[in-house]
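These are the structures in question, set out in turn.
Next come two complexes built around subunit A: one with subunit B, the other with subunit C.
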Partner chain A sequence: MNTGKRRIGVFICHCGGNISDYVDVARVAEAVAEEPGVVVSKNHMFTCSDSAQQEMIDDIREQKLDGLVIASCSPKLHMFTFRGMAERGGINQYQYVHVNLREQCSWAHTNDKTGATEKGIALVRAGIAKAALSTPLTALRVDTTPKVLVIGAGISGLRAALALSDMGLSVFVVENQKEAGGAVKNWGRMGPDNQLGRDIVRKLLDEVNTRENIMLYTDAEMVEKSGYIGDFKVTLRIGGNETVNLQVGAMIVATGFDPYEPKEGEFGYGLDGVVTLPQFRDAADGQEGPLEYNGKPVKNVVFIYCVGSRQKKSAACPAPNAYCSRYCCNAGTHMALCLEDRPGDLNQYHLYRDIRTYGHNETIYEEARNRGAVFMKYADDDAPTVEKTADGLVVKVKDQLLGGEEVEIPADLVILVTGMVPRKNETLMNLLKLPVSKDGFLNEIHIKLRPVETVIDGVFIAGSAQSPKTMAESVGSALAAVSKAGGLLMKGYVDLEPLVAKVNTDKCQWCDACLKACPYGAIERTSCDGKEVALVIQSLCKGEGACVPVCPYGAIDVEGYTDEQITAMIDACSREVVSA
Partner chain B sequence: MPKVSPKLASAVKCSDEFNAEACMHCGICTAVCPMGYEILPRKLFRYVQIGLEDKVREHVSDIYSCLLCGMCAENCPAKVNIADNVRFLRKYINENEFNLS
Partner chain C sequence: MKSKEPEPKILVFSTNSISDPGIDLAGSAHMHYSTAVQVIPLPCSSGVKPSWIVHAIEKGFDGVFVAGCGGDCAFLSDCTPRTSAVIKQAQELMKENGISPKRLKMSGLCSVCADNFVAHMNNFQAELRKLAENE
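What follows is the complex of A and B.
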């Protein structure tokens, strides 16, 4: 490409003094003024200000610019600001190049003003080299189907389905169990307000059944998935044989959690009288009158907290669950109140590491203590032990309030307050290709700012499939996923970044190296002029570029980051190094 | 090793008199006590709270030599009524150790 004919504008920002206190911005503007293609090189106090943007638009029009470089802050802050400005001025937004002088020069090199300035000049030169090879690109517009597939019919999935239905979207809910309702469907009293879990699920299910635009499939699983954001094609297998084909614009994955199953011998698990909290709840929720276990009255109950959570790596535990499961302290202290409410006099001991009953649940913890439940803190590295003796179960614990003195508690029942672990579902995970965190839960894009979106556009996550959550938190995340899915589908179309891979069909010899390298399944084999070549499904491609270096024929480039552009950028910023 | 006595634990739980739940183990009670006991009140009450009857019995003489002057309760930042707790203990010991009632 003949770069000499390009007309590039370069604008260097002071950022008040954020940049100009350390980088000699006037020198940068002067040093790059003679670069090939540059017709304007100026400074602005704040390039993001309204007036500076207007002046740059005037420059674009008067100088008939066809490339733009702005050297200012991080692209995370203002790339979209300047892309919009470029379009308003009449330049294609992908012919604008953002250079980061603030984070990468002034803030990084406060002790070396000359060095910061030289680095700034080199980076701006690289930006100019890239702009000189830029081509106009058009966003990929994809029509969306106004239907959503919700995977999992627990609290999160059912609540999400109702909210999507309220928006007027059609909803399919797929549940792999024979009965909908998820983990909570048989639960009794739940904190903090004592509503029955089973009643809440019943109400949601009754409401779902009245909705004409919700279709619930139980005993069903996804067996095939193809397509992309706005237009997924999914096949479900129902009851083991019948199949259903669906077309949906988005998916919400709300597959929930599994309760932690202690290992044999872990805190005495396996001994008669040692049970997990979920097992105990199943048994106790249906009982009335004084508490009994195996037909015998229960006088002393010992709860042990943090079972299966906040584990440390050891020989006995090579793959620890390092996280806190959030709900267990709340569930354990709430169970203390449920036991106190029963007739009979019962002593309860709660052995904990730290109590985390945040928000409303703090009052439950306080009430449990006031009503006589004894809480004893044990050290992280000195956990209680549970043994079977001739007189029954005995729990030994070193009480921190007694300075670590060991105490023996005879127990009729030991309840292990277990946490949540990721639910295993390999078929689904292989189909969806969703990344998981190091804990094994589904991963969001950004833990704070984009908590329900995934790297697969159009696929959202909700509830405890993402991380341990209480019911309220699960519903919150389900509704967040609904608003993201709804926002996407109500518009009718979606514009995608065109910075994706493209195949040179002349060079391509179809060897499938790119197909194997692509983590998003965005490469397909196709036929072009009688020859087999690779095809990039643009709506699936993330422009990540894994396919580029593995291609033995140099047939793939990523738009906006072509080999030619990257080489030119390296040449431009390393000119002195190379010539010296 | 001290062992929980369900009997003491239940007695403590059912009692309106004994209450050390709010104790934050600051030790002001010890600082202001004119008797200078070897056993710290906060430790004694923790034994009681858990139901460690053997430990309580080891300290019977301390429990009976308390002057019930109330300096401790007067100064307790958590408003634990320490003198009432001692009265509860004396009553429990009278009934269970000395068979008085």
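What follows is the complex of A and C.
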């Protein structure tokens, strides 16, 4: 260790009074001034202010600092601010250490200033210990290929392809079905504006076909993938035998959903006359005139909502779909209007748990009620039953709005308003290594702030592959993914965070424990001075450190969190604070 | 000028994107917990080295709390079993070094789990006090 030779600057923020009201910040600055390597220790009223940043930059230059510690708010707020400041001052940004003195000290201990001050000293000492062992790191700059692979040629994928093409990027679209268009390609009237699904798809496909920079492969799937953000190499298998090799800078995964398939007996599924909404829609779309089912006129239709959605765990349902599928209430109430538009005298009963026709769709629900569709609310734990009797199907429901009184409805047709389930795509998931949520849909990095990015840099998600979505929501997310992919590729290069794993080749004895632990394929075997050792492919490594504790030789570290650094931090923050 | 009675010292290994925001939230809400709790953030709970846990106890911490990423982990879908394996390994190492494995605790802590965090700290301190009486 050469901590004695380091020149570290420490700056403790008052944050107005947010920190200094509860932590004696002057005492903290004084207490850490003698720590090994520290040459400057000061307070600032607001370290994030322009004037304070300029003073700190002056200190960096005058004192020739090679390490920087700022104790202020949570790193979520200003870590990048101060990393940028460090670089402007001439220090490598990875030699900056952020200490969380507000959210994790002053604000949590507003009742104990002495204790908070002592804890603050310990936290800053740990930061100094980390900074003393920091090394300059360079972001990994990688050139990007201005081409995108869109996986899935449904509404989301096709819309994404067109928008990418508009940006001047080359697009490859791969679709595993024989025909492009996804779930919507055969649909008829759709809510809320009554456009035909098949017309929307046809228009998109016609436009795709006119674009010279879009290549659409149907009956095709990805069979190999290597590379990393900005430079992926992908092999597609087309029609079962032909293969194509592509090089792309980014990917958008828009693989869509599967409709929920009820279990045999679930709400009478399997009985003649009990169908799912998608099955019914396909049959009804092809019919004109009064509604018929199997050649017989239909007088009474019963819709049952929330089938396959918002399920509770039970013996019959060990892996429930806990989520709401978002589109089904809209689709069910819109179907009510489609049926009311038909000639003939039809009674329709909609049995629901809660109606969620949010936004503009609320007017469809209202219109359906006004035009005669009857809505009955059933209790979560008291679902309707469907039975076959000598006179046909009978649905029994306890209508909560009638005080729980049981109503029997003779039905010619029972329509189960089914939700969406994640599509099984094992080959693709094994290749892309995308994490899925508890529900089985593809997972974004942050549901609110980074909704289309995934932990695999350069791979974005769109549409109902991510979660149940309406068509408008799918297109919105597809265009969000396009803007992220476009933003990445139009720049021409990408800088990757260098806080990744590194191997100490002296200690490494190649046992493949790290290789097995790494889910990203970032470890390879290589030879170094005549012995076999592990090599980290930096651009593939995510830096989570799963390989670190499994190494029997202690040969792997994550930059910024090395064994030496964490051990030194523990030493520093466990030292007794000598009272002034 | 020591603050009150000495309280059991706890070192928490949090993770940057999951539990650390949860611990931040406890502070933002001014929920009080002991100043004897200190946090070192890491990228992911699967990367905690058992030797760090033993080292912390040897250096005077009474307990170590690993805030697991749980099912929210952005890196690993199987983060929980991996973290559990690390904990098991650490407990073995603690026993070898004559340290009660009760001084180590792991629990999933999400990015909004502020109440949980404070409850965990209070409970763990109570357990560590009891442990000190019995040892």
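Going forward, the second predicted complex is superposed on the first by the 574 of 580 C-alpha atoms of A that agree within 3 Å, B and C clash if a C-alpha of one lies under 4 Å from a C-alpha of the other, contacts with A are read in each partner's own complex, and residues count from 1 in each chain.
In this section, contacts are C-beta pairs under 8 Å (C-beta built on N, C-alpha and C of every residue); 3 or more make two chains touch, one makes a residue touch a chain.
Just so we're clear, the structure is a prediction, and the values are computed from it rather than from any experiment.
Taken together in the superposed arrangement on subunit A, subunit B and subunit C fit without clashing. Look at A:137: by the touch rule set out above, it reaches neither subunit B nor subunit C. Once the two structures are overlaid on chain A, subunit A sits at the apex of an angle of 110° toward subunit B and subunit C, using CA centres and rounding to a multiple of 10.
Of the two partners subunit B and subunit C, it is C that touches the larger number of subunit A residues.
Contact with subunit B, but none with subunit C, is seen for A:347 once the two complexes are overlaid on the shared chain.
Touch criterion met: A:376 reaches subunit B, while subunit C stays clear of it.
In the superposed pair of complexes, A:569 makes contact with subunit C only, with no contact to subunit B. Of the two partner chains, subunit B is the only one that A:401 touches; subunit C does not reach it.
Applying the stated contact rule after C-alpha superposition, one finds that A:299 touches subunit B and leaves subunit C untouched.
Of the two partner chains, neither subunit B nor subunit C is touched by A:45.
Once you line the two complexes up on chain A, you'll see the smallest CA to CA distance from subunit B to subunit C is 38 Å. Overlap of the subunit B and subunit C interfaces on subunit A comprises no residues. Taken together, the subunit A residues at the contact with subunit C in this complex read 74-76, 100, 102-112, 114-116, 118-119, 122-123, 126, 435-436, 438, 443, 445, 455, 499, 517, 519, 542-546, 548-549, 554, 558, 561, 563, 566-567, 569-571, 573-574, 576, 579-580. On the side of subunit C, the complex with subunit A involves touching residues 1-4, 9, 11, 16, 20-21, 23-28, 30-36, 38-44, 46-52, 55-56, 59-61, 71, 73-77, 82, 86, 89.
Note for the complex: subunit A touches subunit B at residues 299-300, 345, 347, 349, 369-370, 372, 374, 376, 396, 399, 401-403, 405-410. Per the touch definition, subunit B reaches subunit A in the complex via residues 1-4, 6, 9-10, 12-14, 21, 25, 43, 46-47, 49-52.
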